[in-house]
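Going in written order, the chains are labelled A, B, C, D, E, F, G and H, and every chain counts its residues from 1.
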Amino acid sequence: MDDTLILGGETLSSRLILGSGKFADTATMIAAVKASGTGLVTVALRRFNPDQPTDDLMGPLMAIPGLKLMPNTSGARDAKEAVKAAYIARELCGSRFIKVEIHPNPHHLLPDPIETYEACRILAADDFIVMPYMPADPVLAKRLEEVGVASVMPLGAAIGTGHGMATREMIEIIIRDSHVPVIVDAGLRAPSEAAAAIEMGCAAVLVNSAVAASDHPVGMAEAFKEAVAAGWKAWCSGLMPTSETAVATSPLTSFLGS
Amino acid sequence: MAVHISLNDKNHDLPDGATVARLLAGFSPQPKGIAVVVNGGIVPKAAYETTKLTDGDQVEVLTFAGGG
Amino acid sequence: MDDTLILGGETLSSRLILGSGKFADTATMIAAVKASGTGLVTVALRRFNPDQPTDDLMGPLMAIPGLKLMPNTSGARDAKEAVKAAYIARELCGSRFIKVEIHPNPHHLLPDPIETYEACRILAADDFIVMPYMPADPVLAKRLEEVGVASVMPLGAAIGTGHGMATREMIEIIIRDSHVPVIVDAGLRAPSEAAAAIEMGCAAVLVNSAVAASDHPVGMAEAFKEAVAAGWKAWCSGLMPTSETAVATSPLTSFLGS
Amino acid sequence: MDDTLILGGETLSSRLILGSGKFADTATMIAAVKASGTGLVTVALRRFNPDQPTDDLMGPLMAIPGLKLMPNTSGARDAKEAVKAAYIARELCGSRFIKVEIHPNPHHLLPDPIETYEACRILAADDFIVMPYMPADPVLAKRLEEVGVASVMPLGAAIGTGHGMATREMIEIIIRDSHVPVIVDAGLRAPSEAAAAIEMGCAAVLVNSAVAASDHPVGMAEAFKEAVAAGWKAWCSGLMPTSETAVATSPLTSFLGS
Amino acid sequence: MDDTLILGGETLSSRLILGSGKFADTATMIAAVKASGTGLVTVALRRFNPDQPTDDLMGPLMAIPGLKLMPNTSGARDAKEAVKAAYIARELCGSRFIKVEIHPNPHHLLPDPIETYEACRILAADDFIVMPYMPADPVLAKRLEEVGVASVMPLGAAIGTGHGMATREMIEIIIRDSHVPVIVDAGLRAPSEAAAAIEMGCAAVLVNSAVAASDHPVGMAEAFKEAVAAGWKAWCSGLMPTSETAVATSPLTSFLGS
Amino acid sequence: MAVHISLNDKNHDLPDGATVARLLAGFSPQPKGIAVVVNGGIVPKAAYETTKLTDGDQVEVLTFAGGG
Amino acid sequence: MAVHISLNDKNHDLPDGATVARLLAGFSPQPKGIAVVVNGGIVPKAAYETTKLTDGDQVEVLTFAGGG
Amino acid sequence: MAVHISLNDKNHDLPDGATVARLLAGFSPQPKGIAVVVNGGIVPKAAYETTKLTDGDQVEVLTFAGGG
């Protein structure tokens, strides 16, 4: 029951990856990150605005011992833009992790399989630890594995919907076939769903809205931490088999007959 | 004399001979955690002092924001 | 976020209730009970066989500090037999808890609503802490509440099937209407399902096969313990709202345009 | 593939039972009844208001050849009231069919198992064709069968919610065990759900809101008619087995190799 | 309520597309095709074996009035092979329809998004009516639309599994965004599932195993025909809205009070 | 002289000696498809003419409405 | 002389005048955690010594087993 | 003299000067609904008579089978 997760040679102590968006303020985000026990936090690039200096995000995050950053390429509409974003992000924070996220449609924010594949191919060849946000597409997962991604991150549902693991059927096939860790990214709403993902064989989950948009992000971060730990213990302990018919747990001897 | 550059898609003027370092020094408070892209190429931190900006340069200054 | 559950005046420190059936041996059962952190364990009545003295169950269970026993009436085919079993069980262990379990059909072991109602009415009037295993029937739940049960325990699915919370739609209504704690009993297979039950407002879950029939009952007991804790924290922290459309977590500004 | 359904000795030519409530007007209701091809229509009792004479419902309904009426006992809060309503309804229209519907809670309109059982027991003994609206409770279904109901009508979901067959797991068990026809009553929204009910072994479905609250009740009635027929043909033709793994339908020979 | 479906300029009188594989013999297949009312049947290429001349398939199929053939590219492992297969198939039967089906993995037979995209791009530019079997990936669907496919055919589940519309969440998004007809291909098992696909806005469904591997393929073909018709009528008639709470269909006035 | 009855929970007056048939005849238009309950007991159609109503009688007149 | 009782539905003989306590004393090892029902009535522990068993008594001795 | 071709990946001999038409004529019964590919290129039906096969030609003859 070793809880260690290795991604691209980097060892993570938690199977929970946390996004840093949508929090009310940086202090809450940092508190939630700490409460979650995560070792990997996603961040996004944006243009620096000299007139509206906002909180420094990287400083407090990097002050958390053992925490690694995983920049994403959000905003990129094609492979070329994503690759550019990846290099900028690496320059910015020095992390080899890159979450490739190419979603041309702002309405559903779903990933483009063609551009994602192309960007991953390029970045994996230049020493990035490539983590693609991708449709729950088993063949695409395999092709991404072949070009050297460190994990595949199929979506459970569209970002921010909280519809859970709506793509479960396909994720099961991805897990069965994959030689790299499978991480459910996007769609999860409840800690129970994170536990279910791990129970079915996912190596980790990535959540953001589920924590940031809850009533109490710090408490919710803790709930996810425990749920992921529970899911991992369950996976290691082997769930009972299901049965089409009932199976008694108590003796049924008619000991009370008249 | 001034140098007219584009900074994050907005016009921005700098004194003649200005470098990336000079551009950044003009911000208050000093930005932490940024990357600089000039005409599509990333400028390493080590080159901020030596990278001169000239008329028409497209400069992007980027930082991290919360993201999922 | 007070995790205390009060049933019939008795305070329980855990929202997990564990059954003691189906374990390979008593030692494993006791170890699983301890690992689960539960404060309430179900046991069943059977005839004493002088020729085959088996392990004493009650001794080691009652040696666990703070643990309470909840005998069930398994084997009873009608209200009269269940009431008789309840009195025998109270004589045997002194516990006021009684799990009323009347399932006339050994194939599906599903509860009889008419007999269950009648037995609960009688037992609640004589100072038992009555905990009925029942169909996921909102009106029956309300009627049981009216005759004084301490909780209602609708089934998620048939005992031992591991089909999870197949009756979710009805359990949601029971929770909405109930003034007594609602406890999902039977059907759960995975810790994630236990967490989901608590997240939706159940006060506790009762599992047995899910732990006893897993590959590693002690590890699985721990997984359920953590899952229930995670579910409770999630419930207290307010799950994010679901959304029909995607909601971005990262800035989408086109900062990388050519 | 004989499509005939026999209930209490009465032969029905359709496996669709239609409710007559909620329609915009009587003309639309009658048109929908005709389009549906149903042979059995439910009606409710209400007080006659001399100051607001409304459309006569019974006249046009009974003018449809072969159509039978099934009054319900809606409004009854207990067995006694339901029995009284049944006798009044029989006096009114002469039909032996009675839909026993006892739902004390106007918020969820879910049936009371205890009162329903008692009313059915009384009415079945006095030559009614008793059709109980009931919770999806397998043991209750069996007990109702034992007192002589002509069918059992478990709910798919609460009346008017359109949540479909949320109680599927329990309805499957009811079908497996029942010696009387099983009819899903309440909750269905879409013709596909009606087809699915028949495919899984239900003898018929009862819908009302799904037709009356659709945009075009007459077209929707026709859709339900065809869906029920399709479901029945599917049931008779034996659905393909499911498979955990893919099974090719086309030859996979590598005939195109270079 | 015009039931006509236009694909690539060709008018089809049915929203059911049938595969011709897996039938016990050609006679059964032809009978099922006729019973289904379909206007479009898929066929696969295979090598001619002079020593084992088998039934001529094309002759009897093309003798059915109004029937069009849609060859598939099954067996192709990449875009190049699929394009080659398409040209061979067009030479063979003269049909402009081509089902692009590129599934490199014989275990799950799931489509390759990259190769499928490339093959569709090439074929759409040369006057084929391109019908890609594809993962339920909304962005891929849009990109295929942009290169000129006549429809998109996302999978409901893996071929031959009969797991139904497991990818529903993604297919809903594809339907919402698509300007070409959306056809669910693969995974469907029951006529009710076909009806549900049409009800949610699919233009058609493609089934093969569901008919060929049923107990009575001709009866099942008829069931699918009626289910698709029912689904279309339902879609045209506007399903009732769902409701979180119950909505009565009968008057609840307490007319029976004492 | 009048008979004071309760009709569907509302006060209703009838001439002395009135029967169920007389009560129904007072309605316009004539109700079709109704059942009559007097003091909890169903009155068969055949007895409408002969069933006299007296002071304090609880009369319910029921009909069918749309229902599911 | 012997007393013939039914113990958990099987015939069982005891010496004349035997009590519940005597019955239980005959078991080896001594049962822990049991309840005794004689002719449908529960015998409290305190009454084991004083409850005599007579011919035809239906005795049930019950204990706990694992159960869910 | 004979021409040695590959027919659907198996060796096949034809008389010298044989055409696609000649190849197909050798099959019994006569195949219906086929397509012929020679060295990767589709041979239109109209060219069966005029397309000569020579040593080493890769010939594929394809037909339709049931498929989904």
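As a working rule, contacts are C-beta pairs under 8 Å (C-beta built on N, C-alpha and C of every residue); 3 or more make two chains touch, one makes a residue touch a chain.
Remember, predicted model here, so these are calculated numbers, not experimental data.
S.K.: So which chains count as neighbours of both chain D and chain E?
M.R.: Neighbours common to chain D and chain E are F, H.
S.K.: Counting one step per pair of touching chains, how few steps separate chain C from chain D?
M.R.: The fewest steps needed to get from chain C to chain D is 1.
S.K.: Name the chain whose C-alpha centroid is most distant from the C-alpha centroid of chain C.
M.R.: H
S.K.: Look at interface A-G and say which pair in D-F, E-F or E-H is its repeat, using the rule that over half of the contact pairs are identical by residue number.
M.R.: Within D-F, E-F or E-H, the interface duplicating A-G belongs to E-F.
S.K.: Does E-H or E-F have the larger number of C-beta pairs in contact?
M.R.: E-H
S.K.: Centroid from C-alpha atoms only, then distance chain B to chain C, rounded to Å. What do you get?
M.R.: Going by mean C-alpha positions, chain B sits 63 Å from chain C.
S.K.: Once you find the CA centre of chain B and the CA centre of chain F, what distance in Å lies between them?
M.R.: Here chain B and chain F have centroids separated by 93 Å.
S.K.: Just how far, in Å, is the C-alpha centre of chain B from the one of chain A?
M.R.: So the centroids are 33 Å from each other.
S.K.: What is the distance, in whole Å, between the centres of chain C and chain H, each centre taken as the mean of its C-alpha atoms?
M.R.: Between these chains, centre-to-centre, one finds 72 Å.
S.K.: Of all residues in chain F, which are in touch with two or more distinct other chains?
M.R.: Counting only residues that touch two or more other chains, chain F contributes 8, 40, 60, 62, 65-68.
S.K.: Give the residues of chain E that touch two or more other chains, as numbers and ranges in rising order.
M.R.: Only 19, 21-22, 44-47, 72, 74, 84, 107-108, 110, 158-159, 163, 208-209, 249-251, 255 qualify.
S.K.: What are all the chain pairs that meet the touch criterion?
M.R.: Result of the pairwise touch check is A-B, A-C, A-E, A-G, B-C, C-D, C-G, D-E, D-F, D-H, E-F, E-H.
S.K.: Can you check the complex and tell me which residues of chain E touch chain H?
M.R.: For this pair, the touching residues of chain E are 19-23, 26, 29, 42-50, 53-54, 56-59, 69, 71-72, 74, 84, 87-89, 91-93, 159, 186, 206, 208-209.
S.K.: List the residues on chain G that touch chain A in their complex, please.
M.R.: Within the complex, chain G contacts chain A at residues 8-9, 40, 60, 62, 65-68.
S.K.: Provide the residue numbers of chain A that touch chain C in the complex, in ascending order.
M.R.: The contact residues of chain A facing chain C are 1, 19, 21-22, 44-47, 72, 74-77, 81, 84-85, 101, 106-110, 158-163, 189-193, 195-196, 199, 208-210, 212-217, 219-220, 222-227, 229-231, 233-234, 236-256.
S.K.: Along chain C, where are the residues that touch chain D in the complex?
M.R.: The contact residues of chain C facing chain D are 103-105, 107-108, 110-114, 117, 135-140, 142-143, 157-158, 163, 166-170, 173, 177.
S.K.: Give the list of chain C residues in touch with chain B in this complex.
M.R.: 249-251, 255, 258
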